[in-house]
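Letters are used for the chains, namely A, B and C, taken in the order the chains are written, and counting of residues starts over at 1 for each.
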């Protein structure tokens, strides 16, 4: 069974996934979507316990994983902010904490504020697989997978695509993951639209282009190509600015409005956003059928997590 | 199936419920009581996920809803204090948060510190029903329903009743709901006993009286009518006082003691309290069989919530 | 059925357990170990709800109980830090809080910062059993039981044992419980190795010795007897020191290293620690097969809790 290769595996980085892996993951995600809508109660994870250990709060990712486990009939042990809890607060190191919690469960989902912590946790956990739910400025592979799945769901491919990435391309972890993911597939083109203070770092730009993706920096909305398959908009991250005035200068530079979508979008495209959204897409756009950020993009996050859990627990 | 009218409905206000609705809800609550005591495991909500999103902590209401879901074999996604969590802390608006969480579940229970938030949440949630678990000084319909159920359970009617309401009738949300609920039925009389600083606002007094309930303000315990069917006592809410001295003046003005119950109560009455109780009913009264506040009144809260969940999820 | 004596019983203190009780509890714990590894999904607690109410955070104990319930197919209602939640913050007394939560569930697990609170909670709860998950400097019976089980699992007896206790023997609640537990059985000898500021209080020393255990205080590692069956090491508890300098003087006085284990340990012994560990056992020791603190000792905590839950809920 080809799926068997996932059993017991940690999910730490998007880079683990080969194009062939997507051929396993994406059809399974589609099946999970069906379970979510029509085929509950599922007993796929009946008797399984997944520990969610979140050193950093993230209500959406936490809720998505919690629901993913329960949609499949599993149970969670939920630990939030253990660093203010006694053991960790008393000075316990991450390795001990992880080895304690792996004793209680079949898989661990970890969110941490320090880059590299998920990898460390996976190294420490000797008996159960670990899923990275975001580690500092590092990776957040399930977010990247849900973004790619959402594009694939619409266009049935991950190559030969034209996309527009708008907003903060300097700091946005999700944007970097998306670009890295699309690098794996052929003939993809991305138009990068951001204030000049928030451009993709030069080194990354060159690195990604070397990998074969076509990256084109643009300065204004007028340069958005009408043929783009998707727009991927992001929030300008206030918390990254030392100077609030600098933030205010750029935060609302590029806003998606009904008019913008009408002028520069096409009928078949989709409009994505990793959320949270703080004004960079107008609420008037939400009801547009092309706007998937509060609809399938969110749901796909839960479905892709259901698929991954089923795979690493060896249940499919 | 008459119950079908509840399927998918939001539960936002006591005012939604017609006397006929009580004829559905109350017998079902009684059935739930039976499940709670004798007929578990129930699989009525097997495969269902209910999100509890509490912007304001309330251990009792939270625990009651959490248990209600699980008594029926369902699962919860539990989010507490999302406003200090990243997405909301980053400035996400309530509508986005609700649309994210509705993607994960079959129903949302929301507690919020701002009046009107539950209604807003229900408007935003397009695919799942929303239950108001208390919104600021607004409504807390399941508390009102459990109070009415507790009276109905004892007397098998909600009309032709005489009650005494004691304590803070100015600020008590639960008291206002109780009066509003009893207005719907005929020939009810309430004696209102409170310090004069904490009387029912005049406008409310007149409004309720216009609706047909007989309201009689009394000044001292001696005026409590021996024939009252129930006493509903409430806490003087310290947090509403700007001046601590004012609070201290009135907080212990009316205290239920064994003696008071003996002198002014009758054998068939019940003594209720919405809790928490901070001294306004002496602990010596707890063991009195007429004292239901720590017994059936609490349990009925869980049962009425079980009934509502089963109804809005279309499982009965 | 002899197990029946546990049904509905509170678990408050190690002193409740007679040697005969261990003959019930330990074989059942072994069965639970089997369920944990091979025999899930278990439906032993299907339809049961256990409330975990933690007034003091303790991620490990919390996670262990949460997992124990779910390993057996039960559900939890989880309330953390109710003292900052509204009802308790508003001044509600413990008795009311407990009586509210017992209405929602089949058993209560309580952790509290005040000694004696678990006993109080058990007195207040009239319809469900209560398990003490640690109350201040008082008891933490499930920790003591897992320690005894871990020794019993290895040596198949709790008498005729020689142990070494290292570290803080003044403040360590778990150490006191272990000694008290071993007092119940015959011909046990414990070597006590601690800085002189952290010795077992004289009164306790004499009390335990009167009970029949052989206690020998030693001053340095060289006095550790090669024949010891187990070493039980503990953390020097920083939070107990008023003066940080005093803490620094003693904290690293006795550290278990590979070399120490080689020089003074034997092949059949086990090395235990109640965790968290802050340097008093070197990480290099973790991979030693005799080091059980991050392995069976942790898992046994969950299994002994599963066994206790099954017993008090009358499911075995």
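General observations
FYI, contacts are C-beta pairs under 8 Å (C-beta built on N, C-alpha and C of every residue); 3 or more make two chains touch, one makes a residue touch a chain.
All values reported here derive from a predicted model rather than from experimental measurement.
Although chain A and chain B share one sequence, what matters here is the overlap of their interface residues, and that overlap falls short of half of the numbers used.
A rotation of 120 degrees, rounded to the nearest 5, superposes the Cα atoms of chain A on chain C. The distance from the centre of chain A to the centre of chain B, each centre being the mean of the chain's C-alpha atoms, comes to 40 Å. For chain C, residues touching at least two other chains, in rising order: 78. Against chain C, in their complex, chain A makes its touches with residues 43, 46-49, 51, 75, 77-79, 82, 84-88, 90-92, 95-97, 99-101, 103-105. Considering their complex, residues 40-42, 56-60, 62-64, 66-67, 70-71, 73, 78, 235, 238-239, 275-278, 283, 294-295, 298-299, 302 of chain A touch chain B.
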